[in-house]
Structure formats: structure tokens, C-alpha cells
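Take a look at the structures listed below.
The two complexes that follow have chain A in common; it is paired with chain B in the first and with chain C in the second.
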Partner chain A sequence: MNVRFLIRRFSQAAVLLAAISLFSFALVQVAPGDFFDQVRMNPRVSAQTVEGLRAEYGLDRSFPVRYGLWILSALRGEFGISLAYNAPVGNLLIPRARNTLLLTGTSTVLAWLLAIPIGVWSATNRRKFSRRSSELATSTLLTIPDLLLFLCVLLFAVRSGWFPSGGMHSAENEGHGLSQLKDVAWHLLLPSVALALATLPALVRHVRSAMIEVLESPFILAARSHGIPNFRLLFRFALPVAANPLISLFGFSVATMLSSSLLLEVILSWPGLGPLLVEATLNKDVYVVVGTVMLSAVFLIAGNLLADMLLFAADPRIRVE
Partner chain B sequence: MTTSPVPVLEVRNLGKEYVQTQAFSRTRFTVRAFENINLAVRRGETLAIVGESGAGKSSLARCLALLESPSHGEILFEGESALDLPKRELFLMRRKTQLIFQNPTASLNPQFSAVEIIAEPLRIQRIGTSAQQHDRAIEMMELVGLSPDGGSKRPLEFSGGQRQRLVIARALTLEPNLLILDEALSNLDRGNQENILQLLDDLQAAHSLTYLHISHDLPLVSQFADEVAVMRSGRIVEHKATLELFTHPEHSYSRHLLGAMEQSEATWLGQSA
Partner chain C sequence: MRNRRKLVACAFLLAGFHIAVLFAGFFAPYGYAAQDRELPFTPPTRVHFMDSQGHFHIRPFIYGWQSDASVSGSLQVDFTRYYPVRFFVQGTPHKVAGLFVSREHLFGVDEPGRIFILGTDAFGRDQFSRFLYGGQVSLLAGLLAAGLSVMFGVLIGAIAGFYGGWIDEGLMRSGELFLALPWLYLLFAVRAAMPLHVSQSQIFLLLVSVMGLIGWARPARLVRGVVLSAKERYFVLAARGFGASDAYLLRRHVLPQASGVALTQITLLIPQYVLAEVTLTFLGLGVSEPMPSWGSLLSSLQQYYVLSTYWWMFLPAVILIPLFLTYYLAADALQEHWKPVSL
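Right after this comes the complex of A and B.
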């Protein structure tokens, strides 16, 4: 892999992250009120006490000073202090981010493992009932809003009782090793399927259209005139050529996956970044909000960077200087 | 040039119809690509099929390359029927005929190197070891006038004329008897057309290849065709030796095609014929 390419991409990512931090920090400042509004309503707490608390957490300082202090704390890995938890935001985010990554990672793998064969299959059967049915299924899934889909999944979990309806661990499960792993996998099943279903239709449609375009090329006809077996034609000949837009789409799919995941986590109470973000926003726990936004941005940038690197590895034309 | 009694390719009463369904309706109508085609090409000869676009030439080419099955009629390769073959025999039959397309860039898999492209038919047909396939590909590159040093280059690193040479090399790897050229020269400039024509001519002389050259460009293909068949709206309206057609065109459409040629080209062609 080309080192210069990597350095360029990483420095672009760093600049982007700095800009996002400034922007989200500024947006949070513009929002009216602060964390201590609730405390202020309490007649037994004096105004001086509230001001003292505000000063203690540095909320009375000017915007540039606070941003500067936050940058320093971010460099220490703390990303400010959570007002609600009274702990560094960094420590709060790490387990949450791990859970979100577990969920979105599983769903991404699941969605692509389903989308590629379904897309390829429906690109080849272009006049048949099978194609019509896959088209109907994808457009139905596409029109259902994520919120409704997730609520249906929750309803299904609660009514059927076959699956856990929320959380990541069973209350009674205190086991370690394999039994804990099985417990987490059991809780992961329904959320990851729901998330995969939410992104699946767009992926299937892209795979199909990319494949149809390639399958119309004369070089496919040439390979067929040499008597190539169908499976090899589709997966060894056509799919690698159709892969470029799909690899770029992979980075994009990580982004959609993350934003739907925030919603899903709240509905199915998956202990990821989603519930934390909602709670922090409602409480005006500013540094947690900024930290969560930053972390989502990091995931998004990392997803796109990964897609670019895959593209670089897959397509010889991009490597030509 | 030896003339074997059995033609390399014989086509009897061949026809092809496409059934189309209209959007949002059950109405079906048939589009007739071509009908009543009778042809025979002997070993080492070139038959040109000429006609304007929409005359059904490309559909015919696909049927003859066994990529689509005709609606009725017969296709015989060296006297053997090539239609309704069992899978295994169709697979072997594919070695006998190869198709060359109009757009050389689109005909080459952009992700394969030149050697991989030329060796691919051998790999698909499982002929020889991979070392033998590689050697054969290098040999083919030399045969079509490409430097073997470029073997690891990819199609986009070659020029247009070189790409068409690559396509020809790939088509010849399996040593087919019949080469179907579907507008194979149309995407090239005049100079490259001349070069590729010369190459095809040399290859034909050396390996007694049979060509079926499909084109809209009458002056170009008639330069080296032994016979010309003029096609219009899915039918062959006139079919005779090249010189004969030029001197005594019978059908009004043939005269129209000849009339469309530039006067200078006609004289120049008269000299070469």
C-alpha cells in the first residue's frame, strides 16, 4: 500500500475531525439553557450555589477558553467531564462505543452477506417471477420507516417471548467465558437482524444495478462464448468489475448503519451510544453530547477510509499514478 | 487455398424472433430480427454480411456464436448441427467459433492483465497447465504483433488498435475455425483499420481461417471478402462474389449501398479487386 496515500488520507481525516469538534461544540453552546436549569428550579438551592457549581465545571468561562480547555482534556483522552455522571467522558464512551461497534459491525457483515447473493441473483433473473418478488420485497422494506420497523421488531420480541426484548445481558447471567458469549449473541440476534433489514434494500438495489450494467458488457459475452460456467462468470468475472461502486457504498453503508443504530439502540435499549446521546441531550450534559458526536464522526471517517483502502487494493486503475 | 467439400459454416433457413411485452399490459408483440437466412462459408474464405444498422446483423452474429438460440432453422459447423446440443458438447463446440466485437475496450475485462485475458479461454476450457497457458498467451501476443513485454499490462494501458489486437489474440487462442467479426473495425480510425485488416489477412493465409465479417461499411469489408451478402430488414437480398456484386448489382438496395460509396473509393476499390 502506498504510504503517501495513507498519510494524505489520515491528515484529511484529522482536519475534518477538528472542524467537526468546533462545529458541534459551537452548536451545543448556542442551545438555550444548561445542565443546572433543573437545579435552579429547586427553591431550596440558592442562586450562589448554582453559580458556584457552574464555576466549578467551567461553564461560566468564555467560549474560546472552554473550547481550548476541552481540546486539552481531549488530548488527555478525557474529552471533558460529564456533569451527570461526574466522570471523564472518555471513560463513559469506551464501553458504549464497544457495544455500538459490536452491533453495527455484526449488522454490516450480515447485510452484505445477504445483499450480494440476492442482488447478483436478481440481476441474472431479469424477466422472471423471482426477480419480481425480490423487487417487491426490497421496495416494501425501503418504504417502511426505520422507526416503524424497529417498533415492529420490539413488538415481535415482546409478544412472542422468543427473544430478549432489550438489553445486552440477562439479569441472571453472571457467567464468564462461553456462557456469557452465548448470552450476548442471543441478545444481539434481534437488533442486528433489524438493523441489517433497514439497510438491506438499498444495498440489494445497488448490487443489482451494478451487476446488470457489467453483465451487459461485451467481455461478459466473450466469456460466455468461451463456455464459462455461470457461477464463475457471475462471481469471478462480473462481480469484481462491478465491485468499485459497491466498495464506495460500503463506506456509506457504515454511515447509515450508525445513524439507524442510534435509534434502534434507544428502542431496544441496547447499551450503546444511542441511549447515552439521548439522555445527555435531554440533560444538556454538553461534553457527553460533543463526545458522542465526535465518536460517531470517527466511526464514519474510519468506514470511508476503510472503503478507500479496499478500493485501492481492489482496482489497479486507481494505483496508476 | 484448399477448398474442403463440407463448408465450415452452413446456415439453413435461420430465423429469430424476439417476443416483447409492453409495460403495464398483457399485449405481446414479436420483433423479427431476421428470417430465412441461408449461408455457407468454406474454409479459408471470407463472407461479408453488409447492411445498415437494424438489419439484424448483430442478432445473427450472436446466434451463430451460439450465444442465443434461433427461433427456427439450422446451424451446421463442419456438417454437424450446433443447435440443441447437450451441455458438454456445446461446451466443446464453443472452441470452433469465436466472436469479435465492435468495442474492444468493453470486450476486455478491465481487471485482468493482457496475459490473463488471452489465457482465459484456455482456462475456461481447461486446456493445458497454467505454465502452458501463459506461454501460449505470450505466443499469441507475438502473433498479433504485440510486444510480450506488455503481458502484465491491463487493457486500459493499451491503445485502441492494440486492444483490438488483444481481442483477436484472445479469439484465436482456442484455434477456432470460424471467426465472426461483428463490426470489429468500426471503432478504429482508418489507419488502424488498415493495420487490423492486414493482420486478419495474414492470419487467414497462415492458418486458413474462415471469416464471417459483419459490417455496415461496404467499401471496407469488400476489400478482402470473397463473397458479400447484402442484408436488409432481416433478409438477405443479394449474395454473390464481391467483384460480381460491384460490377452487376441486381437488387435496388445493393445499388443504393454502392451508390452511397464515394466515387473515389469506388475507383480505388475497383483497382484492388
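Right after this comes the complex of A and C.
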């Protein structure tokens, strides 16, 4: 049963990924102009040279042939070739994907660790005035544009000088092992807090509404009348019941997290997928765009799979289906 | 009743904001491209009622600027020259809603005084005027894109829900494709398919169509859900029994039931698309100078010295918070208003 569930979800994910690859590949292929437009502007480069370059990178072939070649190179783990870097896209993406994962992973953990206690606390807040004001506060925070938040974080880093204002490593740090780890953690601190803050209001809102629903159910009243202490009641009795929609939310939150992360990486010059994608889009470096988009889909689908598996483990009703 | 009041209040606020943007030429004291090269990065002008002698003036006034000879590029308030703020003044000509030319401005000061409510940028252009003109690009993009994607969403969702079977399956699966990508990555993928260097109006249309095309999946899902239950209502079944055609049923009986969802979705999507435009333009993929948009107003903050010295460059982004909040509150109230009556 368990294995069948997994196989079904994985095959669905594989089909979805194949469809996304075709879709994104087709998108960048229909784009007018290509990477060599810039080269063509140069009067000292002849038309034959440009055509030669295009042929070398296979840009002159028909769409199905290029897609087939791309699939083959994807199976080799290369995902085509970057025209700007003249290197396989796979090699380019892997370290950057790792950095993005490091950032988004840390922020996800941080955001949930903060969102659950805050959400639970505000759900127990039954007085009308304080409840309404806390609702207003979260919806105000929800509307702060990510861009503004990230710029403020950058401003804070630049003005205070307490934190590095960008990048992932210090220039002078050549050390290995522990000292390098400390250096990366130091650079990670501000971006991950910023990203967690950006996603926090939405999470708090959902935790609160899920908790309020559970707290109104009769078994909580029964438990309360048995004299179970409040803390135990909230976290041991109510939270596991409210967990179901929150686990699905976890899958969705990966998507918003990745989108916010793209912007944050550009603003705080974190060497992740974001800056690469912006640069590749501006350069028409088609295979890099396709690779990055694919990778973001992989992350998102993996997040949803993880959420499904957690749900499977947490909720017996899913297993019966 | 309470909810209705909230809805009306939100509608009024939004209407006021949109009118200010629509008639930017009238509400803005200067044009969006008017430069004052001697006044770069001027902080927001302070409007006074009390003069330096402690006298009270009913008409507000501002002080002029003088450049400090000892330090180049630094400006100081000149307390000897003051300019009263006048209302309904004649100024630079502008087009009212793109139709006819007018010289009327809501407020202004006498020459050579300058009033900059939100300060100026590197070229000495008035940020307040540029914010209002920029709204014409950003808000219109948001409105059109939200309308477009909800239109697609309603169309696709209605067809999927109404016909069911393999049509439903196919449409919803392709919708999953759009939901399986983080929206900003998707936006970039679609943007990569568009030409980079084209005219301003083309860029604008591109932005709108890109954003409109990628956002249909979520409204489609919601509309499909409504349609699925709506088509089983007795009056719809009765109409079908009388021989009503599919098109008539959809138009007359099914789609009106989805109008609440559609309206709520539009209200929710507008701020998201405005932000999408801001983000794309900030990253250099949207509209470009001298045409202002909210994204290009903020893009100068990418330079460290602007970011760390000139705080008023943040103000355009700060003004977006109450605007978006009103939109979200309106969406909440709309959702409450259209909540299905349980039978």
C-alpha cells in the first residue's frame, strides 16, 4: 500500500516534469533573437562566423532535433550548454542550486519555527480587540512588498556594518572546515532571516485559522474540563489535529519561498539560481533558462512530495483512500 | 451590514487612488520627465505654517533651496526666500486622461520655487509626480493582467467544470503545469520567450500578456469547483430539461454563480500583478526610462550610495502598503459578501 502510493506520486511527478521541460523548452525556442544578436552587432564579425557559431551550438537545427539532443544531454547530466559560459549547464547549476537550497531550507525551518508558536498564541487570543488588532497586524505585514523588505534588510546591513551586505564568502576567508562553515553561516544569517520574515505572515495566518477551527471543537472543551494544562492542551492535543492543512501548506510555501528567494538573491547578491536566471534571461542564454526553470520545478515538486509523504504518515484517513 | 460598510469604504479609497493616478497630470505638480539638474536628491520639501519669526500663516508655504558654495552638490534651506503653496495653478501642460491638453494643476508654488513632496531623484525629477505617472503603467498593467487571467480562468474553469470527462482532465492537468512552477521563475521563463528590446508600449503589452497568461490556473480551479456544484442545481437542471443549449445554460445560469469568485480573484490578483511588474522592472526586464513605473522608481536603490543615503527613495514602496492593504481588505469583504448561502 505504502509503496504503491509512493510509486503513483513519483510517476505523476515524473510526467509533470517531462511536460514542464517540453513547455519551457518550447517557450525559449519561440523567442525571437538569440544569444548571438550581440555578436552580430559587431561589424568586425562576419555573418559566416555567426552562422558557424550558431551551427556549432546547434541553434540552426529544427525544434524536435534540438529537444531530442537536449534530452540526451540532460540524461548525461549536462542539460545543454551555456552559451555565455561555454560550459555544460549542469555544472553551472549544481553549486548554485546548492546555495539556493541552503538559503531556502534554512528559512523554511526558521519560518515554521516562528510561525507555529505565534500562530498558536494568536489563536488563543479570544478578546475581541486584541484579536482584531493582531489580525490587522498580520495582514499589514502580509502586504509589505518583498522588495521593500529585502531593500530594508540590505540597508540595515550596509548602514550598521554588523553583517556582510552580500555574497556568501568573505574575500579573505580561504580556510577550510570549521572556519569556512562559520563564515558561510555568518553570511547566511541575514538573508535567511529576511526570507523567513517575508513568508512568515502568510504562515501565521494559516496556523491561526487552522488552530481556531480546532479549538472550537468539543473534544478540546472536554479536555479542558478534565483539567489538562493549557500548554499541553494546545501543543499536544490541538496542534496535531490542526496539522493536516498545515502540512499541505508546507508544500505550497515552497513555491512562494523560491520566488521570494530569487529576488532576495539578486538584491543581496547571494550566489544562487536567482542572479543566474536574471543574467541568462537578459543574455538569451536559452539552455540556462530552461535548466533553472526545470530545477525550480524539481524543488517545488519535491516539496509537494515531501508534504504528501508527511501527510500520509500523519493522517490515517489518507491511507485508506 | 458591517461587512457592507467595509466594502464601501474600500471601494471609495481605491476609487480615490485610481482617480489620482488616472489624472496624474492634474494631481502632479510637474511632468514625469521634467528635470532640475541643480536639485538632485532633494529631500521631501517640508511644508510650513509658522515662519522663522514665529508668525502663523493660514496659507502653507515652503522655503527655497540654495547651494552651499563650500561643499559642492550639497543643498541648504534658504530661509530668506519663501513660496506660498497655491492651489489650482497654471503650470506645464499635460494631457488629461490622454484626451485633451490642460495647464491646470492641483497645487504648485511660484517660480523659481519647487515643491517636491517625495523628494527628487538623481536627475532632480519630482518623485511624487513620477509616482503618480508611474502608477499609470503599474496599476494599469496590474488591472489588465488580473482581468486577463481571471477571464481565461473563468473560461477554462467553466468549460472544464461544465463538460467534465477528458476535457476537464486535460485542462486541469495543464493547469497543474502552471501551478508546479514558482511564479517568478515562470514569469522569467515566459519573459525569456519575448523580445528584449522593443518599444515602450510593446513592452507594456508584453508584460500584461505574460502576467495574464501565467495566472489563469488558480482562478480556473476555483471557478471549476463552483461550476461543478452550480450545474447540479435544480433550476439549472430544469432549464436543461426545457431544452436550453449549453451556451445558454453557461451564460445565463452557471457563470453568474461564479461571478463572486471571479470578482474576489481579480481583487486578490491585482496587487500581485502590480508587484510582479515592479519586480520585473526592478530587475531590468520591464519598462525603461524615461517612462516611469513603480519598479523603475525603486530600481535606483540598487546602487549602494542611493540606498544608504537617500531614505526618501524608499517612499514609493512604502505608499504601496496601504494600497495593497485596501485591496486585500476589499477581497476579504467581497468573499464574505458572496459567501454561498447554505440551504
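Just so it is clear, the second predicted complex is superposed on the first by the 309 of 321 C-alpha atoms of A that agree within 3 Å, B and C clash if a C-alpha of one lies under 4 Å from a C-alpha of the other, contacts with A are read in each partner's own complex, and residues count from 1 in each chain.
As a convention for this text, contacts are C-beta pairs under 8 Å (C-beta built on N, C-alpha and C of every residue); 3 or more make two chains touch, one makes a residue touch a chain.
Owing to the predicted nature of the structure, the values given are computational and were not obtained by experimental measurement.
Visitor: Once the two structures are overlaid on chain A, check if chain B and chain C clash or fit side by side.
Guide: Once chain A is superposed (C-alpha atoms), there is room for both chain B and chain C without a clash.
Visitor: Kindly classify A:234 by the partners it touches after superposition: chain B alone (first), chain C alone (second), both, or neither?
Guide: The answer is neither, since A:234 touches no partner chain.
Visitor: Just to be sure I read the superposition right, which of the two partners does A:145 touch: chain B = first, chain C = second, or both, or neither?
Guide: Touch status of A:145: second partner only.
Visitor: Just chain B (first), just chain C (second), both, or neither: which does A:268 touch?
Guide: So A:268 meets neither chain B nor chain C here.
Visitor: Thinking of the overlay built on chain A, is A:315 touched by chain B (first), by chain C (second), by both, or by neither?
Guide: Touch status of A:315: first partner only.
Visitor: How many degrees apart are chain B and chain C as seen from chain A, counting from C-alpha centres and rounding to the nearest 10?
Guide: So the angle at the centre of chain A is 90 degrees.
Visitor: Which chain, chain B or chain C, is in touch with more residues of chain A?
Guide: Between chain B and chain C, the winner on chain A residue contacts is C.
Visitor: Can A:120 be said to touch chain B (first), chain C (second), both, or neither?
Guide: A:120 sits against neither chain B nor chain C.
Visitor: Identify the partner contact of A:223: answer first if only chain B is touched, second if only chain C is, both if each is, neither if none is.
Guide: After superposition on chain A, A:223 lies in contact with chain B alone.
Visitor: Please work out how little space separates the C-alpha atoms of chain B and chain C at their nearest point after superposition, in whole Å.
Guide: Checking C-alpha atoms only, chain B sits 8 Å from chain C at its nearest point.
Visitor: Which parts of chain A are in contact with chain B and also with chain C?
Guide: On chain A, no residue contacts both chain B in one structure and chain C in the other.
Visitor: What residues of chain C sit close enough to touch chain A in their complex?
Guide: It comes out as residues 176-177, 180-186, 188-196, 271, 275, 278-279, 282-285, 298, 301-302, 304, 307-308, 314, 317-318, 320-321, 324-325, 328-329.
Visitor: Would you mind writing out the residues of chain A in touch with chain B in their complex?
Guide: Its residues touching chain B are 217-219, 221-228, 232, 237, 240-241, 315-317, 320.
Visitor: Help me check something: in the complex, which residues belonging to chain B touch chain A?
Guide: Touching chain A from chain B are residues 62, 65-67, 90-91, 94, 97-99, 101-103, 106-111, 120-121, 124-125, 154, 156-157, 167, 170, 174.
Visitor: Enumerate the contact residues on chain A facing chain C in the complex.
Guide: Per the stated touch rule, the residues are 16, 19-20, 23-24, 27-28, 30-33, 139-140, 142-148, 151-152, 154-155, 158-159, 165, 255-256, 258-260, 262-263, 266-267, 277-278, 280-282, 284, 286, 289-290, 292-293, 296-297, 300-301.
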